[in-house]
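Written below as structure tokens is the structure these notes are about.
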Amino acid sequence: MTSLDPGTRGFYVIAATPFADDGGMDWASTDRLMDFYLEAGVDGITILGIMGEAPKLAPEEAAQFVERVLARVRGRVPVVVGVTSTGFRLMGELARRSVDQGAAGVMVAGNGPLRTDEQIRRYVAGVVEELGPGIPIVLQDYPQSTNVHFSPELLNRLFAEFPGIVMLKHEDAPGLRKISLLRDAEAAHQRRRVSILVGNGGLHLMQELARGADGAMTGFAFPEALVEVIRRWFAGERESAEDLYDAYLPLIRHENQLGLGLALRKETLHHRGIIASPRARAPGPSLDARDREELAHLLRRLERAVERLSAPAPLRMAGE
Amino acid sequence: MTSLDPGTRGFYVIAATPFADDGGMDWASTDRLMDFYLEAGVDGITILGIMGEAPKLAPEEAAQFVERVLARVRGRVPVVVGVTSTGFRLMGELARRSVDQGAAGVMVAGNGPLRTDEQIRRYVAGVVEELGPGIPIVLQDYPQSTNVHFSPELLNRLFAEFPGIVMLKHEDAPGLRKISLLRDAEAAHQRRRVSILVGNGGLHLMQELARGADGAMTGFAFPEALVEVIRRWFAGERESAEDLYDAYLPLIRHENQLGLGLALRKETLHHRGIIASPRARAPGPSLDARDREELAHLLRRLERAVERLSAPAPLRMAGE
Amino acid sequence: MTSLDPGTRGFYVIAATPFADDGGMDWASTDRLMDFYLEAGVDGITILGIMGEAPKLAPEEAAQFVERVLARVRGRVPVVVGVTSTGFRLMGELARRSVDQGAAGVMVAGNGPLRTDEQIRRYVAGVVEELGPGIPIVLQDYPQSTNVHFSPELLNRLFAEFPGIVMLKHEDAPGLRKISLLRDAEAAHQRRRVSILVGNGGLHLMQELARGADGAMTGFAFPEALVEVIRRWFAGERESAEDLYDAYLPLIRHENQLGLGLALRKETLHHRGIIASPRARAPGPSLDARDREELAHLLRRLERAVERLSAPAPLRMAGE
Amino acid sequence: MTSLDPGTRGFYVIAATPFADDGGMDWASTDRLMDFYLEAGVDGITILGIMGEAPKLAPEEAAQFVERVLARVRGRVPVVVGVTSTGFRLMGELARRSVDQGAAGVMVAGNGPLRTDEQIRRYVAGVVEELGPGIPIVLQDYPQSTNVHFSPELLNRLFAEFPGIVMLKHEDAPGLRKISLLRDAEAAHQRRRVSILVGNGGLHLMQELARGADGAMTGFAFPEALVEVIRRWFAGERESAEDLYDAYLPLIRHENQLGLGLALRKETLHHRGIIASPRARAPGPSLDARDREELAHLLRRLERAVERLSAPAPLRMAGE
């Protein structure tokens, strides 16, 4: 249940990192957030991703956060730890420590001025060498944020060359055809299978599932909804999955504002009573009164849209 | 009716440029496309934008296209001509010729390595100087494509300094707060009003209208839908406007794939029987069988969603 | 003498495009400039490159410029025509017309959002298909300006796949190791040889020659100097070549200011009495009084440095 | 002597961070490097800059490095500590700790997606707020590496608004006119003076001094040479300063290869017997046999060029 493998399927949530209003770590909210994710039925939890504000944590804060999360989750679902760093040494230390404590794997994105296929390949080879054979790797393909572009051809090559990579976090955009090309390579037995979970807030999730994605890994503030969408999809209830998805699309689309999305998600988690403060560490985005009213309007419309579907209600709309 | 001014409101469509299968200009489809836009009730037509594949036209083709469109539209709605060019001289020639023939104004985007506010200001000053006082200017703010970033502060300054700029084509993303800041400056009487039409395929249209946008300017392949959404909004029927909008959102979101959007729109216009060939000039995007089936699936769901609303049906779903 | 082939060696000058003070084409200066280049002993002339302000010329101006240059040069050295365009159709038309009139080949750079090796390969394949088999191609690798990155691995693949590419205009930076890797591939008989001429104003020319470059293709305003440096190098007089090079290095380095270089070169060519006006078309760089005095200071020091070497004097320091 | 103020002038060296061959900190080489810089006559030492591989150090390593350097330098020259971080909290902690231990100030570069003047201003305001009034700030303007562009207009505004900024590390390129514009603003009494030290390896140092720079801050591997160039310049011996500079220009130019420069400098410092290992932490550049021979050739030519000038010899060419 807590392992990560090429057949992994479902919804992995990208966890926020809760801070107190003074910017310090908020451990009580951290526990509550993990409980909420588990209650929502997520298949896995990814911490210290870009949305987790990892680059703003001191290494000792990151290590404590990993420890706290693992202790709270107690192996009920796999926990993946984002370890991307400007230096391999720091990356390796966090990765080894996390896996020793029970993490199911680590996630690594491209970092630095990597332009050509060969530059990226050398970078990934260096990552793999630093991490060694025992640590399952999720490769994050997120060019909008990293400016590192993995082509399907390169990914095929990397998956064939490095068996430690068990999953692709796919968030290239536009990226639909990429999924098809990756699955075509497997269908033609050109290389072993990898799990593909999509990101970008799930903005194209139904198309991605139809093209062969195994699910999503994203920080959407209603994880229970995407859990259910993906469950229905793999149960063969495709139209009903898409109906439910479409009800959430206005919010999914709204959260998908580069940079601002983090603030919107923390605000929604705060509004739902899960984390004590919506604060992000500086420098970071924050919402003003208009932003909050705009979000509240979308949440009200969401409630009505979900009612119309007689869909399972969200776990909680606001803290009570 | 055919002028462009700071109070302009409604839906301006960004016109595709129809090509024959051999890549030559397709004048019959051009006429049919203009008739379709007028029948859809658009408030204006913008030609030779980025979506109009302007940089792939020879200047004489561009001039002929302008002439053909103006002759077909016959002043029933304003026609705006995209004139952005790497050289001011070529820009000026196309602009003057277009306005002489009846265009209501021209649209100009940032172009080249413009990084700082002052570099952008000097560029805009050069544009204004080249165009002279008689040509209404739509300033296009589209950083995802141009890598030129107009801050609200800079826009306020440009609008105050250059009265020839009558409209902002806003497609910064995320860009919601920018609209609020621009309208705040007007409310505080810091400068005259400008019209703001939003782009980005209308992906955040309802939020943008709520923050003060005057409408949209985009190449969405169902212009009649956005015409109606915007009509309802300004008629005070806000929830019904948003219900209609949400029915179209899955397609709006799907079209909004950078680069691929053009091919999806041409395919839809072709599917609806309006243009003879969905072809874009090389190098350009094209759809494969999976892409087309995916689009067809979304169009089928769109039909059902619209029916459920008892909304006005699209003019035509497929050519008949 | 006027053909372009994989063994081509020497100094090709990137020609400026002379304009009159009113921005129109200056044909008399065009003739004078070509005469000057021939007198300087260049091995070839490249026109309508990025430095030639090609994107600011109307297609008919570009065609006339090609015609004028070819008529003046009369086959004494090969003329290469830059044909990079946002559309393949326009590129093909200029290329065919130029070669029909006597051009030795065309130069093409990456253009548009080409990020991965495979995207670039498809672009080059499209270029080759449009141009057909009869037109020798110089592939320009200039990432600082185009943001298109050709890896050595990709270049090896392109040279093997497309025999029409006879030369690489190399101006990646840093790019020294790239030249070694390309020559290593030839030494290992992995593919046929290509000519490599380096750009970037010749800023690393001696290192590039030592690693296997065949010469340079750049717009340095003292072409006679680089002609002589390269001549000495291939005559085995390596230290004397480098001594001469070092005397010119302060100016080479000064010209190598991205964007401003064009204005500095036109100013120097004007100062040397070769072109009537130093003007670039708008929007473009221009020099102020401080810039000109700074340049004049460097030219005075250059004269003294060259004297100290008892080197062949530049053809002309200032117009007389 | 150890303070940093708006009148600061001279040569500040950007210190490398010496590692052992196993990637650990090398404290003996750190001491030797500081002794070497002091012996070379530098006016200040900047540690933990981009060239100092700061982002690859764990915070505790960075803190130890600061402590070690300050203990070795013992206040003989000002020490500036690079503190740029993705999070203000981490930045503030390192800055306060460094100044408490005796650092003369901190250096901060733009970081993250800062595009418009106003976005940059808000970032700098956040930095200033986090650091508080007591810490002198060097603002690093290095767009080639950070993609953050400070216009002269914005810098004037920042210097006027934030008195804590006492120095500009200028390494925009091309950036000559920027220095003139900044000094013009001071000459017109538009704002207080700031010290300007230039970077980019000193590639345009003589022009920058002529336009008003106060010196250089760069990691050139022969700091004693730039110390002497700048000393002569301010002593009024301008031609002799430039003659000496030109002798070093081939190496200055060679080191100025983005990314590779660090490896070349560490190799030279190693070759000169100052640091035990030329190693950079992964992922980072490294030299192969050709790179080393190429560098050795340039060092041999440098020795001869310096002899011809009867210039003061470098302190050491190779370790003895």
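Note that the chains are named A, B, C and D in the order they appear, and that numbering of residues resets to 1 at the start of each chain.
Just so it is clear, a contact is a pair of C-beta atoms (placed from the backbone, for glycine too) under 8 Å apart; a residue touches a chain by one contact, two chains touch by 3 or more.
These numbers come from a predicted model, not from an experiment.
Within the contact network of the assembly, the step distance from chain A to chain D comes to 1. Relative orientation of chain A and chain C, expressed as the C-alpha superposition rotation angle, is 180° to the nearest 5. Two chain pairs, B-D and C-D, are weighed by contacting C-beta pairs, with C-D ahead.
Chain B and chain D have centres, each the mean of its CA atoms, that are 48 Å apart. Annotation: 34 Å between the Cα-based centres of chain C and chain D. Chain contacts: chain A has residues 259 touching two or more partner chains. In terms of which chains touch, the assembly is arranged so that all chains touch all other chains.
The touching residues of chain C, counted against chain D in their complex, run 173-174, 176-177, 180, 203-204, 207, 210-211, 242, 246, 249-250, 253-254, 257-260, 288, 290-291, 294, 297, 301, 305. Per the touch definition, chain C reaches chain B in the complex via residues 23, 53, 55-59, 86-90, 93, 112-113, 122-123, 126, 130, 259, 281-283. The residues of chain C lying in touch with chain A in their complex are 115-119, 143, 149-154.
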